[in-house]
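Both complexes shown next keep chain A, but they swap its partner, so chain B is in the first and chain C is in the second.
== the complex of A and B ==
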């Protein structure tokens, strides 16, 4: 404490925070800007928010230096890994905003909705650049707090408020667990910095082992909640069902990226000394997650709820990359999350389009006969669902391939066989939706509100998935180079 | 000697009042116990020469947060009997988890730095070290980024709370300031021939 000298040196490499600064300033600007534009032109706020997300993604690419850049006295790190995940997060947010434009236009206070999405994105960007528990936790809370509000945005519908309340209470509890774990790790290492904790535990882990393990368990539990791993998944179906559909899409993608990235950082930098134990915990959680996600999804009649369980199932598959604990595994996680982003956004875009007069368009029955009414959408939805199921030569296949191969190389053959089994179970409920679309009679008239933006989103997402399915090498290469400096 | 006496007093009372928070039947009593618990925690902070943290705890948590809690609880109508439904049903699971956690905590707190006389690790800096100034020095320099993010979190909390509660009611009367400013004499005054 006493060695702080004044004037304190000006923070180095401030440029590394340029994307975050752009987002923070633009979010605050939009908060004010929105007050001064009339209600019928609120769409301007949405487009400015989209532009901010895109600019932030591009800026992240621009500021990336040759290696690792550390700013704010070691509180913030910018490496290729962080940059890649930031681009994913920005893409997820931009798509989430685009999906919202039509859906939210009749809601009250729609301007703040986009501002909160930007703040959530800011939190995630800070989170993936964190190399210590302080920045990580603050980024996490910024993200979580914004998302709680977004989930409850349709406050006049009961299920939205209920979802937000459940998510908020369980989320706060999990933040408490995370912090409790962090205090134990601080207690044994005297530092919040991931690398310093790793160093302190590497040579002196022995006598403080029990406390370290307790810290590990609580940190893993807290983070597992955020990425909805079983048995910390209980909030997911309710929150996904109650949230406005674009927010469901957003929160099934972007926070998962941030959560897994910080998971990787903590496991690699802070807790390599207890990797064995972490692996064991993760294996059992993965076994549970895959089973619960894929089995419970079969029983769902509401497609948002079904996709919520499907997210849990996918999280189980992504965990294989964590369990592998190798560069290939971590690269596989990035591959998985990137492809998952496109699949999910495309599928949710179609679900949003299904909303029509008097019908939410969320029940599986509502999809019956879609192929005769709108063959284009039916084809796109079919491709996206096949991809989610992991049918070969669509994007989703390569996502699974990347993590499965990494896990096999790390010696977890039985776990991968188990994952393959549940992958097959998962295929059942995805393909059941395709059955509704192609082989069932339409019960309600389709009356699509064809907004050009939504159509373009569906087309682009589907094309990306098909193209990634045919030619996944560039993405795989990119992900491999993103994690290159990590271990 | 005197120090450990105070330590056990504050620590013991903190534990007792924390138990009270959970066990009290009346929610209001729980809040009171929580306030008492905060006072004891503040006492522990003072014993560690962390007078700034101790005072902040009382000022912010007791003075602001808990008072707000009380208002909220007074406004809510809470049926404690209903809350306690199913208590026995969940008791076995809860008890097993609590027991497992207790064993873990005891095990963890006997290991490593926690075991080597925990009080010895808290150094006494003496009166020449100004606690508040030292915190300020690191808060606005080394931890500046965290400080800034915390500021944004507060902004989000503010915006979120307003967004979720503000609703324009048709039947409520509002001031239209521009209409008031733009009002002309002719609108309000009417010359009446007497």
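== the complex of A and C ==
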């Protein structure tokens, strides 16, 4: 049990939930507190929200202390795997909030925006600790509902509202599919608990095999929606393009972490009996996801849309870790997602900066000539893009390496070959952006005013990516120990 | 681990990282174009001086790796920072550090925009190139091999000619697509050979034939794109034509050698049986490169394109020699590469000198240059003759050794060639001597000789001291290597002998024995 002591009697179960409680209390406090803050000082809310995210991340690390905790009769689990993902989610949220400060300055009611981000984070933290379909669904919906609102936060603009509506309708449908699948599994096993379902289905479902497989299919489909695997990716480009840019950054990182983590938990704990079928479904979905993501990105002129498809492509690569189905594969997924977080946040920070007097700054053309006007940002964006393309000495190379080697070890050589060919295709649209930045002349002046916070974010993200590229060993070690107890 | 390093000093690491550290310093602290030029030159000269002890302290009596370094890098995957050079790789490191100095001098006046970025790109490029030639860990090799794309992409794309964007994206994607196959092969070899990425372990591990076959193909695609071999050569003329002069120099001088070096370092010693099996295939492609590409070169209107095609033809000689498995042929191939590094680099510099004055590369725009630039005409004459492989020039040594080695090909190579005697192949390859004379001298005649008819040409001033300065060492090296190649041959002799022993010793018996006695975990391929 944890080595945390309290001056008053404290229910043991709640200790495991302490980080989540901090977030929940702070989020509700901020909702009230924000009312008393004048509009020009809303930045205070943002910084308090950032602090909350950071405290939650640190608290997750602290609370776990010596070992794994299971609370509420198996509903909630706090193991190294959950803690690692929580730290990632908190980091993603904190960065998302930081990126929002300048972007959302002129919006009305900006306080609730940060509170919603905290609630989304709370949902994801619950999700990655879920050991039970009910807890999982609770977290999932808390996250999803918050993010729907965040996507449509610029409600005066048509595309933001449209994006939110599309996302909401498709997202609800996917939640429905997920629940439908869960009912099958409940019907077969009589439980919502991952481990108990796994035990009950140890014989592959026995006479109820058809129902088990239906459950698998619907659960996979529902989760595939959340992490935008093809063919359930349709909402992604519209939602990414329409959402406020910091939310796009946030969405392309944190929910993906939560989605993949819960995916792994369900596959490992609840559905090991139908692993072969799951693998088959995932292989074909990965084949489709990589192709759609990387090919469709080539056709995009809007960088947010392009990165939406690029996210789909990256999800396809991450899926190789799921398909491998080994602890190396799952560790690879964590490596990938960690590195992806930094690359994406850095890239979006620069995209946010590109919004300058009168232009949205989202078209590839808007990047033309950046290297002359702002060589520092140009270098950072160039490095981040090469990293996204998976070129070494940058972190993105090791992200791909970690999942690919796991997939090769599991025997999926052809799939890795396919993935590598698509990563070469994918390199095209990343280096095309570099072309705009470095080879073209500026058409619009670069008179944007960047705050110190944004500068620092860009610098830190780029440095992290370069450092991880040169010395990825510590991260790989952390990820390996995070998945150690999983299988 | 027993490290073989006479200097007891990480000299290879210093050579690799000095350019990058210098680049970092310049980026942060040096302001002003001239200061950047001088400091970049200082860094590159310092790097060249640092690499000199590699040659001076080189032990020519052993094929063992020298100046070795070993540090654990990513223990989770047993990836190590393992460096070392032998007689095959050491000359390329010196070639790299020398050509980088020349590249930086050659860019002195013609690069006027974004001087700082240009110099930084070249210094970073030098790091990756020296890294490729000194890596003994396959992932480290791949790391440098791919990282090279970033500076090269920018060099062609930012400072290139009119069609630079097309050329540089084509270059990038071709090379990347080629090398991803190598990565898959390396990952598969890692598990097969027992969780190691050490290139020396790969050389020792007995892969069975099926493995060798597929891995060889994967490697071949990566290396053939880089060499480049027909029919995957089409990126090269574009990249060369559009690249700035120094970009072409480094491309022809070093980058093309990386592919051939890959054959020598990976394919031959690690996969001897597959390498033998594919001899007819490689020989056919090499002959096509030599004969067909020479004919293509003859038809070019653009000087840089012509030299680019000439490079492909010369690299055909290199691949031919590599796959003959005889001492003279392989040594000839390596000498040929070094020589081509000087000659092609110098020819691109010659074109650069003219381009700086007239801003055109079309042969038809010149004529009678000798009347206004006599010194330049003489210098270019030397390198044209060297390109033709005139006796006395370095290229002659390379070509004659390859021809001798091919004429008298090893029994393993001849066995694969079957009815076609290697003598006929040597005769076919020898046509290159005529063909290269045709296209090189014809170009020389049209550009340099003749009467001064064009007003633009009349105004061309002769070379200045700076320009003359970077040709001097190249002329000296070409002639020295042509007259007295023994020191270079001595350096590579033991290593090449060792390589040929590896390449002609079948691994199949050992593989069969291993499969029988130790049915280790096999990598199931779904």
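One rule holds for everything that comes next: the second predicted complex is superposed on the first by the 471 of 487 C-alpha atoms of A that agree within 3 Å, B and C clash if a C-alpha of one lies under 4 Å from a C-alpha of the other, contacts with A are read in each partner's own complex, and residues count from 1 in each chain.
Everything that follows uses one rule, which is that a residue touches a chain if its C-beta (ideal position, glycine included) is under 8 Å from a C-beta of that chain, and two chains touch if they have at least 3 such contacts.
Note that this is a predicted model, so its numbers are computed, not measured.
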Do chain B and chain C fit side by side on chain A after the overlay, or clash?
fit
Given the touch rule stated above, what does A:76 touch, chain B (first), chain C (second), both, or neither?
first
Contacts for A:208 in the overlay, against chain B (first) and chain C (second): which applies, first, second, both or neither?
first
If we overlay the two complexes on their shared chain A, which of chain B and chain C does A:452 touch? Say first, second, both or neither.
neither
Here the angle between the directions from the C-alpha centre of chain A to those of chain B and chain C, rounded in steps of 10 degrees, is 150
Look at A:149 in the shared chain and tell me whether it touches chain B only, chain C only, both, or neither; answer first, second, both or neither.
first
Superposition-derived comparison: chain B or chain C, residues of chain A touched:
B
Touching partner for A:414 - first (chain B), second (chain C), both, neither
second
After superposition on the shared chain, which partner residues are touched by A:35: those of chain B (first), chain C (second), both, or neither?
neither
Superposition result for chain B with chain C: lowest C-alpha separation, Å, rounded to 28
Within their complex, chain A touches chain C through residues 371, 375, 382, 386, 391-393, 397, 401, 404-405, 408-409, 411-414, 416-417, 420-421, 423-424, 427-428, 431-432, 434-435, 438-439, 471-473, 476-477, 480
Quick check: in the complex, which residue numbers of chain B touch chain A?
104-105, 107-115, 129, 134, 137-138, 141-146, 149-150, 152-153, 155-157, 159-160, 162-164, 166-168
Contact set on chain C toward chain A in their complex
73-77, 114, 117, 139, 142-144, 146-147, 149-150, 153-154, 157-158, 164-165, 168-169, 172-173, 176-177, 180-181, 183-184, 187-188, 190-191, 523-526
Residue positions on chain A within touch of chain B in the complex are 1-2, 4, 6, 8, 11, 24, 28, 31, 72-73, 75-76, 108-109, 112-113, 115-116, 119, 122-123, 126, 134-135, 138-139, 141-142, 145-146, 148-149, 152-153, 155, 164, 184, 187-188, 190, 207-214, 217
